[in-house]
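The data blocks that follow each hold one structure.
One chain, subunit A, appears in both complexes that follow, with subunit B as partner in the first and subunit C in the second.
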Partner chain A sequence: MSERTLFIDGSRCIGCQACVQACAECDTHRGRPMIHLETIRRRDSVQTAPQVCMHCEDPICARVCPADAIKKTSDGVVQSSLKPRCIGCSNCVLACPFGVPKYFAEIDQMMKCDLCYDRTSVGKMPMCATVCPSGAITFATPEEIGRTRKGTPVNRWHFGREEVRTKVYAMAPPGRDLIQVTTGRTPTDRTDVAAMLEPESLLNRHL
Partner chain B sequence: MSEMASERRDRSGGLTDVANAFVWGSIAAGLLTAGIYFGSRGFKDFDTALIPYAGGSVLAAFGLGYRYAMWLRRPPTRLYWRRGWQTFLDPRRLAGNLVHLLGLFWRNFIAQSFIERRSPLRWAAHACLFWGCILAAAVTFPLSFGWIRFETPPNSQDSYIAYVFGVRLFEFPLDGIAAMLIFNVLVISAVLVLAGVFLALWRRVRDRGALAVQQFANDLVPLILLFAISITGLLLTVSARFLHGFHYGFLSQLHAATVILTLLYLPFGKFFHIFQRPAQLGFKFYRRAAAEGEPARCIRCGEIFGCGLHISDLKRVEAELGIRYELETGSHYQDVCPPCRRKNLALVQDRLWRDARQGE
Partner chain C sequence: MMAKLPLPHATLVERFGPHPSHVPPGGWTAIGEPDRIVKTHCCFCGQQCGIQLKVKNERVVGFEPWEEFPFNRGKLCPKGVKRYMQDEHPDRLRSPLERVEGEGFREIPWDQALDRAAREIRRIQGAYGNDAFAVLSGSSLTNEKAYLMGKFARVVLRTANIDYNGRLCMVSAAAASKKVFGIDRSANPWSDIPKADVVLVAGANIGECAPITTDYLWEARERGAKLILLDPRMTPVARTVDLFIPVRPGGDIGVFNGMLHVMLERGWIDRKFIAERTSGWEEVEAAIRKYTPEYAGKIAGVPPKLIVKAAELWGPARTSFLLHSRGIEHHSKGVENCLAAINLVLATGRIGREGCGYAMITGQGNGQGGREHGQKCDQLPGARDIENPDHRRHVADVWGVSEASLPHKGLTYVEIIEAIHAGRIKGLFLICTNPLVSLPHRTFVREALERLEFFIAVDFFLSETAQHADVVLPGSLMEEDEGTTTNVEGRVILHRKAVEPPSGARVDWRIVCDLADRLGAGEKFRFRSPRDIFEELRLASKGGIADYHGITWEKIERMHGVFWPCPSPDHTGTPRLYEGGRFAHPDGKAHFHAVEWRPAAEEPDEEYPIILTTGRVVAHYLSGSQTRRIGGLVEQATQPTCEMHPRLAEKLGIGDGDFVRVESRRGALTVRAQVVTTIRPDTVFVPYHWPNDRAANNCTIRALDPVSRIPEYKVCAVRIRRVERPDDETASLPPEAGGVR
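Up next, the complex of A and B:
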């Protein structure tokens, strides 16, 4: 049996925020959720998508870190920055192709999803996968996923000419072995009603 | 270029790095040796009983020079280190930078308030270790290098004269408070370090987050070394004062061994952050200067997500590292803000499914 890892299927996400709440319970970053739950096009749809650290085989966050503060464990989990070393430069935040690391100015440190290392290192599931009611985040073996899902797990990504391979998989249509990431310009949504209901300081950012 | 040629180039680059680091290590060791020679007035004030400590320090200086040079070979480290100095020494900013430096020094090195915000217990442990080590280093290194020495005056046995670099500094009576503090400064520092070690261990055995990610070599060995130095140092005092020198010779050798082991560990383990961390100050100046320039706007949503200088420097670093974020459209993935990257990833995957359904 292969080892278990995370499989992300954005199409199953119902935006319930359970993963966000559970993530904050993780002992390695208590009180701070590391998962991102994005609302994609609030005006047009209710689509949401979770984004955890994909735990790259050759993490770009670690490569661009001037303090050499980001390390990967022998089991392929990319950890939060080492507290004594991190200088809070945000290079990792800006360079990560998946937009995962978070910089916390008050503690001057970058933190990120570490696959709930306190749990997964002793054979338990990550918090997000434990509570996800729709299977958008699943912690399983590739065999289990193959038996139960229609799509194909993919862990090869192209960002421009950069190929990134990850420990975490995303679910893609059958026959795919690569996700080519392209970008399109999306103007700021000026008639976003939800944004208008937010406090003025936040509203200014939207307009 | 063939793979073999590329490998040859990498290997020669690696060798150049090692040779370069070796030179910097030798320079650091040479400078310290010269400092010991001149500071002790041609070894006149050098205490030969402390040779092992001085020798260990010279080896540590070599290791630190070597490691620092290797660290600076990394493209991001080299760039921000240089940028930090450029920004700090910019004549237009120098006066303001010096004032800002005082504030940074207070917040980051004296108060260490960022550690307190991470965890008060971590802060307390770190503060005890930090001040204990600073105090001990301020006394033991100059003593071992022959930079300070104490002598009784020719006409009295009741006081000591302190000399620094051979220059008479002050005289103090042996029964005064100054003498008590000076003679016990290493006891005070050992007690501080021991308190810090116990607080750190208390946290490490109770904090489930720390328990999950801590490593013996990286997180526990430094505490063990500090404990060993402090406890053997305290035992020397106990032996001399209360046990009539019981096993003093053995204890002093054991203490020297723990100190030298720690000195040799300085460049390789967690203690290297003592020398690495000041780089943080350089980056703070750089970030302040970058924030005054053009902001970086996301090419997808148009929002500001950083400083233009920082993003363009990051692109340079990525190019040096061989990270190829250039997109087919002629734009650069580095110009997409992190929230847009996450949203875009969801949309890209959606598109794949939509295309697959349309193809069915």
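Up next, the complex of A and C:
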């Protein structure tokens, strides 16, 4: 059996923030969540997406760190900055393609998701994956995911021409082996309830 | 007139909160290794998730997921994660309080408070009769406490007028389920949901109000199931379902009857099951004849093709599961909405076996158990009927009183408030409910409270309603006592005590027993623990519909909960009802009910052209008396907004974030607009967890279902205009106290 890792399935996310609230409870970052819960575009959709550290195979945050404060463990977990080394420059915050590291001015240090190293190193699941009520964040082996999910786990990302490979997987529609990240507007008409109701005679007649 | 606020609301808020608590007791650094970890359940909604509480120095300092508990397997929503912050909360009441005009509340000793409460109960009942003193209780109480409240009202006060806040929540579903099946309980364990080939969710914002159920739906989908969802708003779960039907509030019967019409036409009806196991089909068949997709679509306010598509998904499926919740139940035709939905289950015969079933999603923590054991005006313990002589005799015997001494059916929750308003009820004992936020037509409720001659409130925080009390008795949280609740599946589970209540507060059941003692009925309330109460409840429920006789606390621990009915000690409980098509009516059959659509009590018109519908958000629980005191949850959902479609916003000249005044014939509220395409353009939505001028229930209508007496929270007519930043009395307060940001 291969090792367990995180699988993120955006189609399952309900935006409840259980992950955010539970992450903030951690003894090591007390009250500060390391996970991000993105509201994609509330005007047009209720879509939300959790963003954990994807734990890149060749982490850009570590590459751009002038103080060599970001280390990767032998099992592929990219850790928070080392307090004695971090100079608070925020290079990592700007460079991360997933927008994960956070700079905390009050402690003058970058902190980020470290896959709950205190929990995973003793066989527990990360807190976000344990509490997530929708299974949008799951900690499992690729075999378990293959058995129980219809989508395909993908850990290759293209940002323009740059390829990034990550320890954490995202669930994609079957058949995909790579996620191309593009910027620009997402089509929104499909989530417009009014469009689903056409013709308008279905609305109450006093409007 | 005693029950007016002794001081302005803002002054009371300064002392009693809500003040959001942001850090665990003692601060983050004080946690470290806990002294013990207590396996228990969440205090909030009907999912009743298993959770472990960390205790250090006799304070609840954090939580740890409980992955072995089978219902939620460690999963939690944000409310569950943060619930531990209440036990040491600075707003906790730590002494009985007495109202002093112009001064607010004065701390008094327990004896003095209980003596005064007993004296006033005696005085009012002596002067105006027993029924002039009412009890309002709640479904966040354990089974033991719910049982105790019923016994207290019937044996000590001998008032008919006890009802509970499940009247605002589960009663439409309950009444429908009883009419059709003869039992008021979800028919299946949740483990049947992922085994269904099609799941229909009607009027349930599962992602926010029953978050743990989300994974069960997605598991079904991973297996290939099709999901159909009815809601006027695109909710988080609705975003990715196979068929989302944006039904007009109150138009659900159009969808249900229209689906059945198509299913009948296409032959997707189980004629054999209908003939052998049901009654009443002929009337249904006649009633749905006119519900062609076109006619049904007009009623539902959706294109006919959506109804046809729903029938095509639901009709021919091999297995199926129907879930419904307040969205179809909070109507003056709430029971009929449920009956029409259940007809879809019965007509296909898909019930009582693996992957085939039906469930109502309970809202409150003990939404199921809280309605079974006697705090409902028409029931005695074991879901017994208070007007059935045999049922009355059984319970009277357990209680050691004469059957004749038991009061008969009393008024329901809203009717009790109306009787107070009309001066027929003069005194009130209130526990575990906050009608000034949760009842419709808030001005009317406030007027009623102000007319009480004497008002006793038991609460752990001074809720908006308790601010009106003459005597406040400080009670306990779930984690400060032990007892059972019954979850959404009908699974009876055990809440374990993590810590003692704060010094000065008492466990609720002790307060009730002490009061019973002072009113001369102490010998019937000699309980030493909640377990003693449960042992009596077992006997009182024995032979009833909700039969707990075979359930023991040990069995609950051993089996991770026991599903009722569990009639004997060797019985292992009943996770799935109606196996083999055997239903609980004397004829053994399920009873169809033909349903005809009718309009809501107040439909939009020229003057009030927009539909207001109300509901919950994921970060808050019910009236918010608890969750508006928890920092993380307050930050997640700080204040209510009025969701509206851009087409409506444009027509009204309203931009996203503008302040809007939402007005009905009964009242108004001022909140910020949230302009989104995820709602019908003829409907706006405001969540109801906030008080004062931010209360959605300022506008809602006091129209009741004729059978269940549930209020019509989901439809009333409003008009909306853009306004400047409000400067009402509470606008400058923190948002958790009713202010605006």
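Methods note: the second predicted complex is superposed on the first by the 184 of 207 C-alpha atoms of A that agree within 3 Å, B and C clash if a C-alpha of one lies under 4 Å from a C-alpha of the other, contacts with A are read in each partner's own complex, and residues count from 1 in each chain.
Quick note on the criterion: contacts are C-beta pairs under 8 Å (C-beta built on N, C-alpha and C of every residue); 3 or more make two chains touch, one makes a residue touch a chain.
In this text the structure is predicted, and so the values were computed from the model without any measurement.
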*Is A:47 contacted by the first partner subunit B, the second partner subunit C, both or neither?*
both
*Kindly classify A:134 by the partners it touches after superposition: subunit B alone (first), subunit C alone (second), both, or neither?*
second
*asked:* Per the contact definition in the header, classify A:155: touching subunit B only (first), subunit C only (second), both, or neither.
replied: neither
*asked:* Touch test for A:27: subunit B only (first), subunit C only (second), both, or neither?
replied: both
*Once the shared chain is lined up, is A:95 touching subunit B (first), subunit C (second), both, or neither of them?*
first
*For A:12, decide between first (touching subunit B), second (touching subunit C), both and neither.*
second
*Touching A:179 in the superposition: subunit B (first), subunit C (second), both, neither?*
first
*Which one hits more subunit A residues, subunit B or subunit C?*
B
*Is there a shared patch on subunit A that both subunit B and subunit C touch, and which residues make it up?*
11, 27, 30, 47, 188
*Can you list the residues on subunit A that touch subunit B in the complex?*
10-11, 26-30, 36, 38, 40, 47, 49, 51, 60, 63-68, 79, 83-85, 87-91, 93-100, 106-109, 114, 117-118, 121, 151, 159-162, 170-174, 176, 179-188, 205
_Using the touch definition from the top, list the residues of subunit C that touch subunit A in their complex._
22-23, 28-29, 31-32, 62-63, 65, 67, 72, 74-78, 80-82, 207-208, 211-212, 214-215, 218-219, 221-222, 224, 233-240, 244, 246, 248, 297-298, 301-303, 306, 603-606, 609-611, 618-619, 632-633, 636, 645-648, 651, 656, 674-682
*Quick one: in the complex, what on subunit A touches subunit C?*
11-18, 20-22, 24-25, 27, 30-31, 42-48, 125, 127, 130-135, 148-150, 188, 191-194, 196-198, 202-204, 206-207
_subunit A-touching residues of subunit B, taken from the complex the two chains share_ = 71, 74, 76-77, 79-81, 114, 117-118, 207-209, 211-213, 270, 273, 276-277, 279-280, 283, 287, 299-303, 305-306, 310-311, 314, 317-318, 321, 323-329, 331-334, 336-350, 352-353, 355-356
